[in-house]
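Structure in structure tokens, see below.
As written, the chain order gives the labels A, B, C and D, with residue 1 at the start of each chain.
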């Protein structure tokens, strides 16, 4: 039945692996192919950047960094093929490649024809017909290696212009971090110093507990990532379709496992009165700022100079050890599946640098569009 | 001080008024200029469409339709300039124009230099310097006339291929509609029959009450719009950056006053276990479907054939009669403002057709990209 | 036979009516519909521009201006719908509309099913199936009304930054204008003062003669348009795919009836030695310029500050009174056709402002991309 | 003087290294960096393709293949990083890399500050400020390695749908090949069997003679490449800005050293009468074709099913051994230059596969846009 079924539903489609307008990221590579990587196009010439600026970010997303993450052991050493000369960008495309090493495709042979619930197996197959089933192929979160490499370039560029993005786990498996976010110089180090990547050690311990509990039960948990950017000048964003909020929203919604995004008070705003929600303007020194920041730094789709605040909903990892019902695509009969592989019981800590990367890519692009970053440094 | 301030913060920027890849919508027009309108490019040739197909949708968004909406009296009669011949589309651009009639710019003279809290006045001015301050110019929600006109073409096109989108007020001012959404043939008529545009008359009455209460207090309320699309084939969406969720997310986040979006169980997913969140596959007749629809019809960024379910957070109308603090941009001194104009105390009911329009535009575009709708009917 | 034939060859396709990256022109309208026009998006805010700046350019391309042009009598009065406020651009889309008045579709009924040789009738029909056959519909040169309107905005913008484009008839029907082009302040007036739009009155008389001769014979002639732009700063053009020459080339090749384009010495370069072709660098005052300008102001795809020189081959008008062989698409049998309508025996003089418009649009766009024109004036 | 000069002329600019709409090619890499290469995005899934399909094309453009070409010895072995699985494309990005081996940057140290006449040295420097001066960096023709790799994928795809592109030297250094082009099965082999890549051995000998003569004189020659594509279905091309001729024109004008392009009779058309130029329609078997093909297979910007014929003007190689005048950018004083390096005395034979690659990329893209090639094979 099902072969027929799939044929009937054949959907012809292109996929688009490029993101951005002036600063453009193209990612490539399957989970179990030779390599994954990216090409960053449109970075201004003359930006000082070192290999370790990029490697540092990849180390934050790589598997095997703590007990909370997948034991797949990938050093994820990045190689830069071009676009950087004598330690500075040339303005030409920067191609970066990371080899795939610790592959174990055997785990995937058994589930070749049984789509994993919550995964892209079924939809990907419905779309392409011919797929690299090993480890999800290109639908694997391993694709985000390219995003993080490209994001590292954007981060370095933004830093030069005083813009800094920090993401952290606001909530994991129902455990909420209730500390107020405060921007500090070492804030990245603080967050990276705990395995859950939250604001404080105590909350991290509680989060680790729910994660390990889910893991022992062959299950997984999700959470909420908060991301704050300071130093954004007013005037970024194009006021109709390419609002700054719309572009950031698209960027984070394109990250695997993300199911929602909100800006400032977001969904809470639906419960507020206009007189509560409106951010009043005040004078502070020589600047006009707003007293509150319910709008999360974006009004009418354009940045107003206040910190940009977003929250991102991350679903629990789809790959779980528990037995689940599914259907065999070849026979069309129902069956059950237990996913072995090596998976993260909670993807939130490793998704933190990915959210930062995507937000930085959008902001650097809009800084370039707005002429706040020149094309030649 | 402030002239200097604004100069220092000058941000050069382009604005992009075009949306979509194959089916492309360009909107134009200021709130108090000669006209607003749009150009729809990329619609297949041979689609039967009448003027009333378009006018009907505009009537759903026009002001003055109920006591809940702004009393600005605009008939909003649309004129089609080209692209339709003998009742059918030519495949060429369809240009549509709606004149602005009931303009009252006098109300805006007094607030020319005092940005309204919660509005785009300040950010728009920071960006462009020279602005049409009358009624918000192009940052006015009047710009959505073009979106709804274009969305009407997308709706007609999708209808031919069995795809139907229905939005409604899920929550207004804290009043939630707790009825389950069920798709019925007359569902649009049911929703349009109550002023709040929710699922039942009783809830509408409660919603109207909180809206009118806020209005009498010179205040406003927000809410949540839910939008469900049935008949979407599996395989829409491009799996990396242009995920169907990412594209729909961007589309609705570009609507004025929207501060968040979620898909399926959305932010709730952050609290679920993987075993609860995953949608198991089952066989139903000749199709493979999922038992639950927590993912809202999109997995790995690609549609799976289940209904697409999104929820959109709408903030309370920024224009309120209550006195608010702000700053005079010319003097740089603090001042107060009371907004007169004619405003909706709650924008949710009129935003319902706008959400439908944007979702329909994205889906029609992806149907065309995927080859599910041919370029010639 | 042929109905079958057409069906078999069905080609699904989108058409793209938008041009440019930052400064973007969308044109719309059929030859015999209600109106033709355009939307210009991405023009900086604060540019002073009047209706007559636009009308003046349209007057140069309108029919009926001399004995050499089609007698179709169109005043071509342009109406601006939005985007200009108190005589200055807002940075928002500028929508412009020109009504179609002197339509005479009766002439086209007889040739509905017999494609005119040299015309787009056959290919357009093969592509779209359903077409507005009256006067070529959208394949008519009347579409260039939108290009010239948009080009007028680009021209005004470039003028502010010292860039000036001048096109003229270099050759018509074998009569060549052998005068050297010299840039003068009144050069546009000189060229517009003769019906052939060439550099001097004497050549114009000879050109008029061959045109009128062809006309009396029920025939038509073509020619070559030369276009020179001065004041272009070095550094425009993106060095790989979006070379300045590639973008200008695409722009002029998109004009109806254009069959070739060359830059500087162009095809002559194929006959030169490297030592003859290379433009040597010399110092002139404080600038580095080249001694010769064989490369036409573009090297490696990037402008070098010398005048940009192109030549464009225009084919003879396809619509001729002479009897021609063709095929009836309905019967599939051969037949003959005599085209009545009202046609230009030579399109070159009216194509001159269209070439200028397209070159100006590309240059203004690249000036914006390169940051040589800010987004806010 | 000149440091100042360059600063004054600073031009901020992005470069765009991506080409195409659905089938998209991104190239990367400098002449003397680690590697050059490309990413091909948007190729349908399921296309059978081998490494040798790609290598074969690279072998046709690599240096050192005959006495006519540069002695730089690059094996140009291509490595495929991803996107192909078990000999078939996955529909995911195909990343291809070619290492740079035989580099000799020493030759370039002496001319670091003296722009070579006819080269991109000066314009590139005016644009980017910081450049990889070794071997032209990214302005080097070595960038075309990526184009030819990507073109090989397009060629394979087109072959499956009966479309075949053949380019050859129509003229070199004034020696014209006057044979009519006839499509034959082994036509590629015939053309590749002579060093000049022309239609017959005798003409090749004459061409080799003028090339070697120029070489001994420390000079270079240019030529004209003709390119013919058969099997193109009617209906490709979008009728306003993205005409098939406009897109092909842009593609070939983006190739280094190209200064002109014409379609069908091209510039000759300027000398013809309408009655001579128009291609009459005739019935042939079950098809409608044109009797002549003056329009080169494209009418109104859309393919008509006849062979697509273009001619491309290639200037003589800019790098010549003869002493030339130039200016030292550091001192601002005039100086002389003799270019050593290893250069082709005529680039035409090696440019032949590059022209084919670009034409194939455009045609495959338009076949995909038009739905003539599905997204899943």
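Note that in this section contacts are C-beta pairs under 8 Å (C-beta built on N, C-alpha and C of every residue); 3 or more make two chains touch, one makes a residue touch a chain.
Remember, it's a predicted structure, so these values are computed and weren't measured experimentally.
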| item | value |
| --- | --- |
| Pair joined by more contacting C-beta pairs (A-C or A-B) | A-B |
| Centroid comparison with chain B (C-alpha atoms), farthest chain | D |
| Length of the line joining the C-alpha centres of chain B and chain C, rounded to whole Å | 38 |
| Intercentroid distance (Cα basis), chain C paired with chain A, Å | 46 |
| Whole-Å separation of chain centres (CA-atom averages), chain A against chain B | 26 |
| Multi-chain contact sites of chain D, meaning residues that touch two or more partners | 10-18, 27, 127, 138, 370-371, 374-375 |
| Residue ranges of chain B touching chain D (in the complex, touch as defined) | 370-371, 374-375 |
| Touch list for chain B against partner chain A, complex | 1-2, 4-5, 9-19, 27, 115, 117-120, 122-124, 126-127, 138-139, 143, 171, 173-174, 214, 219-224, 233-243, 245-247, 249-251, 253-254, 256, 258-267, 269-283, 286-288, 290-291, 295-296, 299-305, 313-320, 322, 324-327, 329, 332-334, 369-372 |
| Residue ranges of chain A in contact with chain D within the complex | 10-18, 22, 24, 26-30, 33-37, 39, 41-42, 44-46, 80-83, 85, 88, 90-95, 97, 127-132, 137-138, 368, 371, 374-376 |
